[in-house]
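Letters A, B, C and D mark the chains as written, and numbering starts fresh at 1 in each.
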Amino acid sequence: MNIYATEKSQQYLAKVKSFIDEQILPIEAELLAQNRRINHSSDWTQWQLLPQIETLKSQAKAKGLWNLFLPDATLGQGLTCVEYAPLAEEMGRSILAPEIFNCNAPDTGNMEVLYHFGNEQQQNQWLNPLLAGDIRSVFAMTEPDVASSDATNMQATIIEDGDDVIVNGRKWWSTGLGHPNSNVMIFMGLSHPDAPKHQRHSMVLVPVNTPGVNITRMLTAYGDFDAPYGHGEMELINVRVPKSNVIMGLGKGFEIAQGRLGPGRIHHCMRAIGAAERALALAIERGLSRVAFGQPIIKLGGNLERIAQARMSIEQARLLTLNAAWKIDNLGVKHAMTDISAIKVVVPNMLTQVVDMAIQLYGGAGMNHDSPLAGFATMARSLRLADGPDEVHMAMVSRLELAKYK
Amino acid sequence: MNIYATEKSQQYLAKVKSFIDEQILPIEAELLAQNRRINHSSDWTQWQLLPQIETLKSQAKAKGLWNLFLPDATLGQGLTCVEYAPLAEEMGRSILAPEIFNCNAPDTGNMEVLYHFGNEQQQNQWLNPLLAGDIRSVFAMTEPDVASSDATNMQATIIEDGDDVIVNGRKWWSTGLGHPNSNVMIFMGLSHPDAPKHQRHSMVLVPVNTPGVNITRMLTAYGDFDAPYGHGEMELINVRVPKSNVIMGLGKGFEIAQGRLGPGRIHHCMRAIGAAERALALAIERGLSRVAFGQPIIKLGGNLERIAQARMSIEQARLLTLNAAWKIDNLGVKHAMTDISAIKVVVPNMLTQVVDMAIQLYGGAGMNHDSPLAGFATMARSLRLADGPDEVHMAMVSRLELAKYK
Amino acid sequence: MNIYATEKSQQYLAKVKSFIDEQILPIEAELLAQNRRINHSSDWTQWQLLPQIETLKSQAKAKGLWNLFLPDATLGQGLTCVEYAPLAEEMGRSILAPEIFNCNAPDTGNMEVLYHFGNEQQQNQWLNPLLAGDIRSVFAMTEPDVASSDATNMQATIIEDGDDVIVNGRKWWSTGLGHPNSNVMIFMGLSHPDAPKHQRHSMVLVPVNTPGVNITRMLTAYGDFDAPYGHGEMELINVRVPKSNVIMGLGKGFEIAQGRLGPGRIHHCMRAIGAAERALALAIERGLSRVAFGQPIIKLGGNLERIAQARMSIEQARLLTLNAAWKIDNLGVKHAMTDISAIKVVVPNMLTQVVDMAIQLYGGAGMNHDSPLAGFATMARSLRLADGPDEVHMAMVSRLELAKYK
Amino acid sequence: MNIYATEKSQQYLAKVKSFIDEQILPIEAELLAQNRRINHSSDWTQWQLLPQIETLKSQAKAKGLWNLFLPDATLGQGLTCVEYAPLAEEMGRSILAPEIFNCNAPDTGNMEVLYHFGNEQQQNQWLNPLLAGDIRSVFAMTEPDVASSDATNMQATIIEDGDDVIVNGRKWWSTGLGHPNSNVMIFMGLSHPDAPKHQRHSMVLVPVNTPGVNITRMLTAYGDFDAPYGHGEMELINVRVPKSNVIMGLGKGFEIAQGRLGPGRIHHCMRAIGAAERALALAIERGLSRVAFGQPIIKLGGNLERIAQARMSIEQARLLTLNAAWKIDNLGVKHAMTDISAIKVVVPNMLTQVVDMAIQLYGGAGMNHDSPLAGFATMARSLRLADGPDEVHMAMVSRLELAKYK
């Protein structure tokens, strides 16, 4: 019983849920295994798309289950953040689902940047094909040589040169860079190193195939390449793109980042709650069906208490996330800073705990890819670092808390 | 920003808050110290009421800030559980406040029993003076010789004898038994030991001064008597009361208990959230004002992260509690079983953590009664046992979770 | 099986253990209840000693189970820190035991100060009667108005004035100040505020009855006065004592404090391990003997896992403490700084957890003083602040760890 | 300062340490990267050995740093469990090191089985080449279709048939099965299903290339194949081996398992402590060298407290492990049951926490294989399941604890 949900949201939820239950979950294991067979290599240039996934995307699109994340009635389905929340949670139950509904990171975040901050030309060139699912995109922010949690450490540069800008720098953990349809990256760099702290950075759209973009390798996250998306490392050497590719104008990078990260973080959290629900369900099903020492293993030791703890943690994390979504919808991102940082800490840590519990009940089958659990474990671990580590978000929460006392 | 709050609730909240801020908090420390001086003795028969508190009660009553907990527009203020939540939270900030608004345990729970299940005569005799704040009451359920978390262990008996019932048994942790105005107890015992499990018990109203009611002593909770209420131990030996004192009829004890404990538990949780907010505020104020090693101590070590953790835990606990309140209001107690058990585990544990953190920042002043923290610590500890220990509630949550899989 | 123990230690252990088992534990509950009856009042000037305890002290002394803590073969029993460890642990099982063997804080620490740093006159006047158990003593360090974890915050002063020193300042949590035999305090204050950081303080012996020593009150620790010792608050106003009462000379306060706190902390930890063993035993006995939902309650939910966790935590804490003792004996206190800070964090937190678990199994009986658990809970809580809060000791451990990388 | 270490142990430690520091660590990253390039494929039949590792093995062997685990002065170096402990810890710092000293799982455990329980023929055929490092071996116990933590669930069978036994069953997580030199497995199965519980199982040596041994696949552990060893899944269908391959005789499987698992578990724990030390060192080095918000990141938020917590946890885990080793040496495995189960819970959980902390400090570089941290994370996660999940070992600890009360 979701007390925030609107009727509209409930209708979409029913459709998304039956699509996932009927068309994705029955073939999920086979698709994931097939993906590992086809795309197992570190030679990412050979990675391929699975045709069944492309078919599922077409079907979802045909049913209007497409771009649900975008709060625009024409380009998306006009759902608020609160209305989208249960849909994103539902999608989070399967690692495959978000892409099938064109609601996967980092493309959603990039589409939101283009939607809110892109000019018409940028939207025509990149937003439209992204909304159509024809191309994939990259967000190039994190750098290997500095502590990227402090944006002022950034070393990459975006320098004006006539009608162009020249881009230089190393980036990594650029998700989607290995995708066969990877087409464009939103690249963040220093354009005005001497400006006030929040006006130093710019974001520019760089086509992936621009000369000077050198992709070094795809990184494994705890052994997985997350093919066919991949997490790329690259070096840009004197890459020249027209100044019209700069988003909102030079010096606006920090502002855009703030705007992008709020919704991006909440979408991650919604999906993570769905993953936690799936992990809990798997734990219970396994615990009820396997027997040891004369009992279903779920009845042994502290297992039932851990089930209860998982249920209580998930409920709390969901309510916190819905509350943040409500604030974004009704008060704006700027008034939801504490809330967004809070869910960014709470939800991935909750997922970590729930998945860990499920894996202990699964035994060996929780470590390989026969179940979704190992994938969820990696996702949970990554989320505690991605878009700012827990520690940075806790610092934000405490800073805003102390500000009440001045 | 409480997204559940109604305008009506917000209006009461403003009044309750200013009453507490202006009339209670400024003299709280003095009243508590005075109470310890006057009522310091284990000889509870000498305990006295503080006249200032009686005065504050009259003022609250005159302002209509009275019986806010009761969802009846005539006898109370007609507030729903969701509407009452922020008021109860506000009251939880001071250990003295709930009584001043006639919203303190165990009287609220007992009034609810009489309101929902008492007959007209019982309501006239006891509900009305309780609503007026003229008498205090006791709920006698827990027994010293058995594990009381399992109601089937209960040893006390309530045996029909003509127009009377004969009551026997030992009870302890009977809060309010030492109060100068303690007048009546709701006593639970076995009346039909051979009936089905949930029809064995009865509840009967026993005036405290009935012959055969032997009060053994008042118990300390971690050294405190919680005077002038007290937690009593007593033995009832062949106590005879008219059968008309039985609530709802013999055999209805379990049913009444279920009805009583839901709201009772959520009220405890709401107040505990207020206590946590106060503890967090005290921690921050102390941490900002004391200096060590060249810095305000709040900036040392992991203190700021603990502030953030406290803020995140409180928010989650509050939302979980509000959601449970919403279910009670809209779906009924029976459909909020998981939620009520969940908050009964989550909230007192959250309070334990937040208060513990605050005490570490306070140092020695967190251990004695110069601050409210030691009192909150005892309250948090007691709440993890009262109305069922954490473990029993976790068992309930997991049982209801597994039931989804049958 | 304690792999560190010597034969000598084992012999003492057997005697101490049988003394406690046969002469203390059987009457412990009665003595504690009697103490609460006699010494229940905040008027500490009326506190009295229990004659049975004085008798037990005589018996322990007669058996040579006396001053076991002191590593001197004549004045004590010549036991090393490692040899004393299992004895102190054994004493920790009962709150009454340490005093009976003349091994209670703060007297042991004060005797060590006098033994190591006192001159002959000071030893004659105070060490000898303390070793005899004829007087009790106080260590006056913590101040109410500053963060005392940073010694440079200290406000009390010790100013030379001819052959005397003049002492001024407020102190609190001065344990033992309320004891009928309280005779002398070791008072720490600033004598050279402009000297280098570690040469500013002095320690001086101040007889409790010196004019100008004003005892304000005894403090409760979570509601308990810990009578007949008490934790005092006092103000010293122009208190004049002869300069010969200064220990080691003016400016040596910090040095003495370092020497005192090492053994003091490890003795606290040893006793706390004994308390944890007692709490675990009580938990198991209760859990085996009470039944709920058809089973001994120890078999319900996660209780058995918590028993295992308690056993594992206690073993680790004990080994860490023994290892610290070994370093103190063999390498000296200065080479055991990390270890002493580590046990000061680990052991009280372990005790907190074990006692909390036991209380959950005990239910209401864990909250009042019918069992030793509430007392152990208060002791655990106090120990996380006394002699430096956890946070200060963690800072020490990390500082020494990072020093390896320079 | 390891108070248990003998001079002999210290001498070996110095040699092992300098071998690792000088010959392994400088090329570790390159070797691991090379291994991932060569052995990246799921087609394990193509996996190859790295010649540099073979060379390092020869050098270690030549220096007498070989088979240090085996408590036999001729075949090994005659080191006790306590003496071996610091060496194994040292090896645990690098994932590559154990193999180089011929001290890697599962071969050490298998060698111990053959050493303690094998007959002369079995020792000649398999123990000697294993000790020489010429072949690798497999321990086939865990099954995919049942909860293997309860050995009575085992479905595989070993049936007498004249001078042979016929082996049937499915096994998985059979580490080493994919190794190019994989030669023999110790296979556990039911031979006497109707015998008393501990006499039903047998262990038999099955050459890997025996007809009927069908290797299905190598399993990933969180995405990694752990090539060139691998974790195999296989089915044995009517595999016939001579009865002389049975170890100790039919029905002795459980007894052998008990004997094998004790040392096997403690070796895992020793190595895990070394891994934790390495992770802590990496965390500190990274935290000191990277800067954010104007400070080395190790000074931000609660990082220093986490460093302290890591140091305190490692010390405790090490002492617990050394104490277990001392009991194995001096009292025998049977008297170290609690201790072995305790370290099996404590150490991998400690490693999990320490590595997690290090990864948060590393950021993205903690997730891919540029540092050893992701490998340690997988190792820690696996160890919480391998050789019995945490829950089974906690059940053992609590069972033995309660047995003291009978």
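Some observations on this one:
FYI, a residue touches a chain if its C-beta (ideal position, glycine included) is under 8 Å from a C-beta of that chain, and two chains touch if they have at least 3 such contacts.
Every value quoted in this text rests on a predicted model; they were computed, and no experiment measured them.
The chain pair with the larger count of C-beta pairs in contact, out of A-D and A-B, is A-D.
Chain centre most remote from that of chain A: C (centre = mean of CA atoms). Distance between chain centres (mean CA atoms), chain B to chain D: 53 Å. For the pair chain A and chain D, the distance between C-alpha centroids works out to 36 Å.
In terms of their C-alpha centroids, the spacing between chain A and chain B amounts to 44 Å. Each of residues 301-302, 304-305, 391, 394-395 in chain C touches at least two other chains.
The residues of chain A lying in touch with chain D in their complex are 36-37, 40-42, 142, 144, 146-150, 153, 172-173, 219-224, 231, 290-293, 297, 300-303, 359-360, 363-369, 374, 377-378, 381-382, 384-385, 389-391, 394-395. Listing the residues of chain D that touch chain C in their complex gives 1, 3, 280, 284-285, 288, 298, 304-305, 307-309, 311-312, 315-317, 319-320, 323, 326-327, 331, 338-339, 342, 345-346, 391, 393-395, 397-399, 401-402, 405. The touching residues of chain B, when paired with chain D in their complex, are 301-302, 304-306.
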